[in-house]
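You will see two complexes here that share chain A, one where it goes with chain B and one where it goes with chain C.
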Partner chain A sequence: MKTQIKSSLRAGITFGIVTLFLYLIGFTITVSQIIQNLLKLEPDSLVLGVDALTFSFALFMGGLGFWAGARQVSVSRKGLGSALVAATLSGLVHGLIVALVAYITGTLNASGIKMNTYLSQLLPASVQLFIFNQTPAVGALSQLGFLTFMGFLGGAVSYGITVSNLFGRLAGAWRSLWGRVNDVPVIAKFRASPAFNYTVCGLILLLMILLPLRVGQYWNYTLGTVGIYVLLGLGLNIVVGLAGLLNLGYVAFFAIGAYTVALLTAPAPHGLVWNFWLVLPLGILAATLVGILLVVPVLRMRGDYLAIVTLGFGEIIRILSKSDALTFLTGGPKGVNNVGGPELFGWVFDDVGYLYLIFLSVLLAIFVTRRLQNSRIGRAWESMREDETVSRAMGINVLKHKVLAFAIGAAFAGLGGVLFAARNQFTGPEDHNLMVSINVLSAVIVGGMGSVPGVIAGAFVLKGLPEILRELENYRVLAFATLLVVMMLVRPAGILPASRGKFEIQGGGSTSEPGKEGSQK
Partner chain B sequence: MKAALEARGVTKQFGGLLAVNHVDLLVPESSIFSVIGPNGAGKTTFYNCITGFYTPEKGDVLFYGESLVGLQPDQITYCGIARTYQNIRLFSTMSAIENIMVGEHSRLNANWAEAILRTPRMVREEKQAVEEARRLLNFVGLAGLGDQAARNLPYGAQRRLEIARALASKPKLLLLDEPTAGMNPNETAEMVGFVHRLRDELGITILLIEHDMRMVMGVSDRIAVLDYGEKIAEGSPSEIQNNPRVIEAYLGKPMAE
Partner chain C sequence: MATESKVHKKNISTYKIVQIVLGVLFGGYLAWRLYQILIANPVYGADTWLRFAIAGIILGSVYALVAIGYTLVYGILHMINFAHGDIMMIGAFGGYFVFEGLKNIPAPTSADPGLNFLNAHPVISVILAFVVGISIAALSGYFLERIAYRPLRNAPRLVPLISAIGASIFLENAAMLMFGAQRRDFTNPTVLTRGEGWDLPVGGGTVILTYTSVLTFVLSIIILVALYLLVQRTRMGRAMRAVAENKNVAALMGINVDGIISQTFILSGALAGAAGVMWGIHLGLVYYFLGFIPGIKAFTAAVLGGIGNLPGAMLGGLFLGAVEALGPAILGIDFQLKDVLAFGILILVLIFRPTGILGEVLSEEKV
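Let's turn to the complex of A and B:
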C-alpha cells in the first residue's frame, strides 16, 4: 500500500511538472488552438457553454489527467478499490500542483504584472486560459477538481480495460479472424505461391507509377526528398546497420555526388555543361573513390574513433566547399546555380520525371542491398558487427570488407547527391551540413538497423513526418523529438527490425527471389 | 607420425608478466592433445599466439612445417586452423545456421559483383553452403534449431554450435578452449564422445584446453601441463596423473573430482 501511495504521488508530481513545463513554454495555448482547428470549431462559437478555445484546452487538460490516472492502474494491478484510490490520488496531486501555479500566475496577471517580460511565453491570454478564463480562485479550484476527477475516470476506465482484457481479446479476435481467412484453401495457396509476392510487388510498382501523376508538385517534391533519404539510408544501413561501422560524416559522399553533377553541368563556375547521363556515373564513382580513400587510413580504428574521424571529414568537406579561397573551384558559400538535369528523348524531366528517377534508384539500391545481404559478403559484414575478433578467426578479411561496405555506402550517397542537386537545380554548402548525417543515421536507427523495410519506414518518419507536423509550427521540432523518443521506447529495435531469413526449414532462403527473404513464415 | 603443429619456445609477455614462457609443444597429426593447467596459467594466451591474435615475442609456431608467426588470424584460418572460445562467442543475433555459414566463409569464393549479379556459380555455391551448414547442424545434434537466433539456444547447444561453426571451415586442426566449461556431468560425457567422433570420423587433429580432469584423462592421447606460463610436464594421461610436479601445481585444486 505504501509503495503504491508513493508511486501515485510520484506520478502526480511528474505529470504536474510536465504540465507546468508545457504551460511555461506556451504549449498549452498552442495545442488548444490546434485542437480547435482540428475540430473545426469557430473561434467565437460556444461549446457546452464555454468558448471554443477554453473547451479545446479542457480537452487537452482532461487528456493529461486521464492519462495520469490510467497509468496508475497498469502500475498497481490490484483490486478496483486500490486502483481507484491510486488513480484519484495521482490526479489530486497533479491537480494541486497545477492549481497552485494557476492561482499564482492568474493573480499576478490580474494585478497587471506582465509576466511575459520575464517568461516570454506567459502571455496574458495563455495565463487566462490556464484558469479557464475565470477568476484565479475559481479557475484554480476548477483545475483541481477537474484533474482529480479525470484521474479517477482514467483509473476506472483503465481498470475496466485491464480486467476485461479488452485489448487482449481484440487482438485474439483479430488473430483468429486472420487465421480463418488464411485457412481458406484458395487464399492459403495463393499466399504461399510466388504469385502472391509478384502481386504485392506489382501493386507497389503500380502505386509508384501512378502516385507521382496524382499528388501534385508539392508532394512530389516531398516524396522525392523522402526517396533520396531512403537512398542515403540504404547506403548508411550497409555501413552502420550491417557492417557496424559508425560513420557520422556520411554527408560527405552526398556532397561529393552533388558537387560533381553541379560543377560539371552548371554554366558557372566552370562552364562545362556536360550531359547529365554522363555525369551521373561520374558522381557515383567520385563518391566511391573518396569513400575508399577516406576509409583506408582509418581502417584499424573502432567505434568511437571512427565516428569522430568521419564526423570531422564530413565537416571538412562542407567547410572546403564554403571556403572563399576555393570559390573559383566550388562556387563558394553561395553554391552552384542552374545545375543541369536529365533529358530523355527530348523530354526535360519535371517533378514527375525526377520522382520516377528517384524511385528507380531506390529500387536499384534495394536490389543491390538484398543481394549483398544474402551472400557471403553480407554474412561477413554482419559477423563483423557482432564480433570483429571472432569474425577474423572465421577467415574474414575484415579490412577488405570494411572498405567494401564504405565504398558501397558512398556509392549510394553519391547517387543521392547527384539526384538531389539535379532536382533542386542547385547545391550549396548548407545542403550538406551535419544534420543530414544525423537525420540519415536516425532514419536507420528509428527504422531498424540492418533492415531494408526499416530504413524506408525510418526515412518516411524522419523526412515525411516533419511535413505532416507543419501544422504545429514552432513546436514541430519538439513534437517530432517527442515522437522519436516515444517510438524508441515502444520499439527499441526500430519500427521494422531486421528479420532473419529461414535456411533450415524452407530450404535455401538465400537462393530464393531477392526481396522476399524472411517475409515468408 | 607427422607433426601437425609445433611450437618452439613460444613466449608472450604482458608488461612484466610472462603469460607464456618458452613453451615447446609437438602435436602429432590426428591426435587429441590436451593442455591443462590452473587458471591464469597462460593456456588461452597460448591459443591466441597460435591463431595470430597475439604475436609471440620469441619463438615460432609451425603448422605442417610452415611458420604461422606474422600471419593475420584470417590467413591462419585459411591455412586450416579453427578454434572455439572459452566464453562462448557466437554471432548472437544471427541464426544458428547463419553462424555456421559465416564459418564457411574461407571455403567460398563469390565476390561482391557475383553476389549482386547472382551468377550461376554463386547460386550453386550458396546452395552447397546451405546444404553443408545443415549437415553440420545435424552432425552436432542441432537439427531443427537452425533458424533460431544463436543467443536463444540453450547453453549446451551454443557450445556445440560454436564447434560446428569452427568445423565449417574444414580445418585440419581444431583448437577447443574449455568446451565443457559450465556443463553438467552428462553433457561432459557426451562431449568426450563427441571429441572422439571429431577425430575418428573427420580425421581432425585436436588441441584441447580443459579443466575437467575426467574428460582430459578419458579423451587425451597426450597431455601438456602449463603453470605460470611454463610447461612443467608432458606425457600420457597416466604419466601426468603420477607426476609430482603436476600434483604440486594442482595441490588443493580439483585434480580428480
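Let's turn to the complex of A and C:
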C-alpha cells in the first residue's frame, strides 16, 4: 500500500511538472488551437457552454489527466478499489500542482504584471486559457477538480480495459485476420516469390516518377529537403550505424560539398562559372578528401573523443566560412548567391528536375549502402563496431576500414551539399550549423542505426512531419531532443531496427559486450 | 601473422614521424611569430599584453570550473556529459533571475529613496545569486543523471552519449522557449559595474583590473581549493575516487555507487552553476545558447589537462583561457577566429598527446 501511494504521488508530481513545463513553453495554447482547428470549431462558437478554444484546452488537459490516472492501474492490479484510489490520488496531486501555478500566474496576470518579459510564452491569452478564462480562484479550483476527476476516470477506464484484456483481444483478432489473409494460397505464394519485391520496387519507382509532377512546387521543395536528409542520413548511417564511429561534425562535409559547387559555379566571389556536371564530382571528391584527412590523425581515439573532435571540426568549418578574414575566399557571413544549377540537353532543371536528381542520388546511395552492408567491408565494419579488439584479432585492418567508412560517409554528405546548394541557388554559413549534424544524427538514430528503411523513415519523421504540422514548428527541435533521449531509454535500436546487429545497441545481455563500464581498449 | 605485425609496426612509425614533423613545424612557426611580435616589430605595448592576459586568466578560471565537472563525471562514468555546458546556462539564468527579482524590491533609505535591494545590499545579493544559481544547477545535474543517464548505466557507450546530446539540445531549446531567444542583460549591482575597477599603470598606459574579474578569479580559486580538499580529504571524496577506480570493488567495500554517482553529478552541476553565475556577472549577457561553446571549450580544457585529473582540468582551463586571449595576437590571426584556435588545440592535443598535459587518471580497465 505504501509503495502504491508513493508511486501515485510520484506520477502526480511528474505529470504536474510536465504540464507546467508545457504551459511555460506555450505548448498548451498552441495545442489547444490545433485541436480547435482539427475539430473544425469556429473560434467564436460555444461548445458545452464554453468558447471553442477553452473547450479544446479542456480536452487536452483532460487527456493528460486521464493518462496520469490510467498509468496508475498497471502499477496497482490489486482490485478496483485500490486502482481507483491510486488513480484519483495521482490525479489529485497533478491537479494540486497545476491549480497552484494556475492561481499564481492568473493572479499576477490579473494585477497587470507582464510575465512575458521574463517567461516569454506566458502571454495574457495563454495565462487566461490556463484558468479556463475564469477568475484565478475559480479557474484554479476547476483545474483541480477537473484533473482529479479525469484521473479517477482514467483509472476506471484503464481498469476496465485491463480486466477485460481488450487490447490483447484486439491484437489477437488482428493477428488471426492477418494470418488468414496470408494463408490464402495465392497471396502466400505471391509474397514469397521475387515478383513481390519487384512489384513493391516498381510501385515505389512509379510513385517517385509521378509524385514530383503532381504535388506542386512547395511539396517538391519539401520532398527534396527530405530526400537530401535521407542522403545525409544514409551517409552518416555508414559512419555511425555500421562502423560505430560517432561523427558530430558531419555537417562539415556537407558544407564542403555546398561550398565547392557554390564557389565554382557562382558569378561572385570568384567569377568561375563552371558546368554543374563537372563540379558535382569535384564536390564529392573534395568532401571525401577532407574526410580522409580529418580521420587519419584521430583514428586512434576513443569513440567519445572522436565525437568531440568531429564536433570541433564542424564548428571550425562554419566559423571559417563566416569569418571576415576569409571573405575573399568564401563570401563571408552573407554566403554565396546565384549558385549555378544543372542543365541537360538545354533543359534547365526546375523543381521537378531537382527532385528527380535527388531521388536518383538517394537510390544510388541506397544501392551503394546495400551492396556495402552485405559485402566483406560491411561485415568488417559491423564487427569493428561490436568489438574492435576482437575484429583486429580476426585479421581485420581496423584503420583502413575506419578511413573507408569516414570517406564514404563524407562522399554522401558532399553529394548532399552539392545538391542542396544548387537547388537553393545559395549557400551560407548558417546553412551549415551544428543543428544539421544533430538533425541527421537524430534521423539515423530515431529510424534505426544501420537500417536503410529506418533512415528513410527517420528523415521523413524529422523533416517531413514538421511540414505537415506547421503550427508545431517552434517545438520541433525540442521534440527531437526528447525523442533522442526517449529512444535511447526505451528503444535504442530505432523504430525500424536493422535485422542484423541488434546486439550491440540493445546490450544483448552478454558480459563481453563492449560498452560495459568501458572495459574495452 | 608475421606480415600483420609488420604492417602494424610500419603504421606506428609513419605516424610517429608525421607527429614529429608536424610538431617541429608548428613549434618553429610559433617561435618565429613570438620573435616577430615581441622583438622584431612589436604591435602591442605591455599594457595591451597585460589586458589580454587578465582576460585570459579570468576566462580560464571559469573554464576550469566547468572542466572539473567534465572530469569528475568522466572519471567515474567514462562518458562525456554533453549537457554540462547547458547546466552552466541554467545556473546563469538562476543568477540572472535573482538579480532581476531583487532589483524590483524597493529598499529606500533616507539618502536615496529610489534605492532597490540589489544596490542597497550588494553582498547579500551576490551571495543569493550564487546560492540560487548553484542550487538550481546542482538540482538539474541530479535530475539529468536520474532521467537521462542512470537507466543507461550498462548500455554500450554510444547510447548514453547520444542520450546526453539529446539532453543538451533539450535543455537549450526548453530555455529558449521559456525565456525567449533574445540575449538578456545581466544587471549587476552598481558596485560591480562591468568595466569599473582599479587602475594599474603599466608601460605608459593604464590597465583596469575590474571588480567583476577580481570577484570571478578569487571565487573560482576558493571553489577550486575547496573542491580539491573535498575530493582528497573527505569521506565522500574518497568514495568518489574509489568508485572511479572500480565500481564493483567499491560496491563490495560498502559504498553506495548510485549515491556517489548522484553526488558527483550534483557536485559537477554546482560547479557549472557557479561558473554560470560568474559568466553572467563578468560578461553580462545570458541567453539560451550560452553554455554550448564554453561547454565544448571546458571539455577541451579537461582533455588538455588529462581527463579524470582534477589539477589537470584546472591547469587546462587556465591554459585554454590564456591561449584564447593571447593566441590570436601571438599568431597574428583575426580575433573572430579564437574559437577555431580552441578547437584546433583540442584536435592537436588529441593527436599528439591524447592523455593530456598532466596525464589521465583513469582506472586501468579504461586505458
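We take it that the second predicted complex is superposed on the first by the 428 of 521 C-alpha atoms of A that agree within 3 Å, B and C clash if a C-alpha of one lies under 4 Å from a C-alpha of the other, contacts with A are read in each partner's own complex, and residues count from 1 in each chain.
The rule we apply is simple: a contact is a pair of C-beta atoms (placed from the backbone, for glycine too) under 8 Å apart; a residue touches a chain by one contact, two chains touch by 3 or more.
What you are looking at is a predicted structure, and each value in this text was computed from that prediction instead of being measured.
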Requested in this report: Determine, under the contact definition given at the top, whether A:478 touches first (chain B), second (chain C), both, or neither.
Outcome: second
Query raised in the report: Should A:489 be classified as contacting the first partner (chain B), the second (chain C), both, or neither?
Result: second
Requested in this report: Report for A:273: first if it touches chain B alone, second if chain C alone, otherwise both or neither.
Outcome: neither
Report task. Quick one: classify A:394 as touching chain B (first), chain C (second), both or neither. Result -> first
Query - Touched partner set for A:203, first chain B, second chain C, both or neither - result: neither
Report task. Would you mind checking which one, chain B or chain C, touches more residues on chain A? Result -> C
Report task. Would you sort A:468 into first (chain B), second (chain C), both or neither based on which partner it touches? Result -> neither
Report task. May I ask you to decide whether A:25 touches chain B, chain C, both, or neither, giving the answer as first, second, both or neither? Result -> second
Query raised in the report: So which positions on chain A get touched by both chain B and chain C?
Result: 395, 397, 504-505, 507, 514
Query raised in the report: For chain A, which residues are in contact with chain C within the complex?
Result: 21, 24-26, 118-121, 240, 244, 246, 248, 297-298, 300-301, 303-305, 307-309, 311-313, 315-316, 319-320, 323-325, 395, 397, 399, 438, 441-442, 445, 474-475, 477-478, 480-485, 488-489, 492, 504-505, 507, 513-519, 521
Requested in this report: Sort out for me which residues of chain B touch chain A in the complex.
Outcome: 51, 53, 72-74, 77-78, 82-83, 85, 89, 91-95, 97-98, 101-103, 105-106, 108, 110-112, 115-118, 122-123, 126-127, 129-130, 133-134, 137, 144, 146-147, 149, 165, 169
Query - Residues on chain C engaged by chain A in the complex (per definition of touch) - result: 4, 7, 11, 78-80, 97, 100, 147-148, 151-152, 154-163, 165-170, 173-174, 177-180, 247, 296, 299-300, 303, 333-334, 336-337, 339-340, 343-344, 346-347, 350-351, 354, 365-367
Requested in this report: Provide the residue numbers of chain A that touch chain B in the complex, in ascending order.
Outcome: 367-368, 371-372, 375-380, 382-383, 386-387, 389-398, 404, 408, 500-505, 507-511, 514
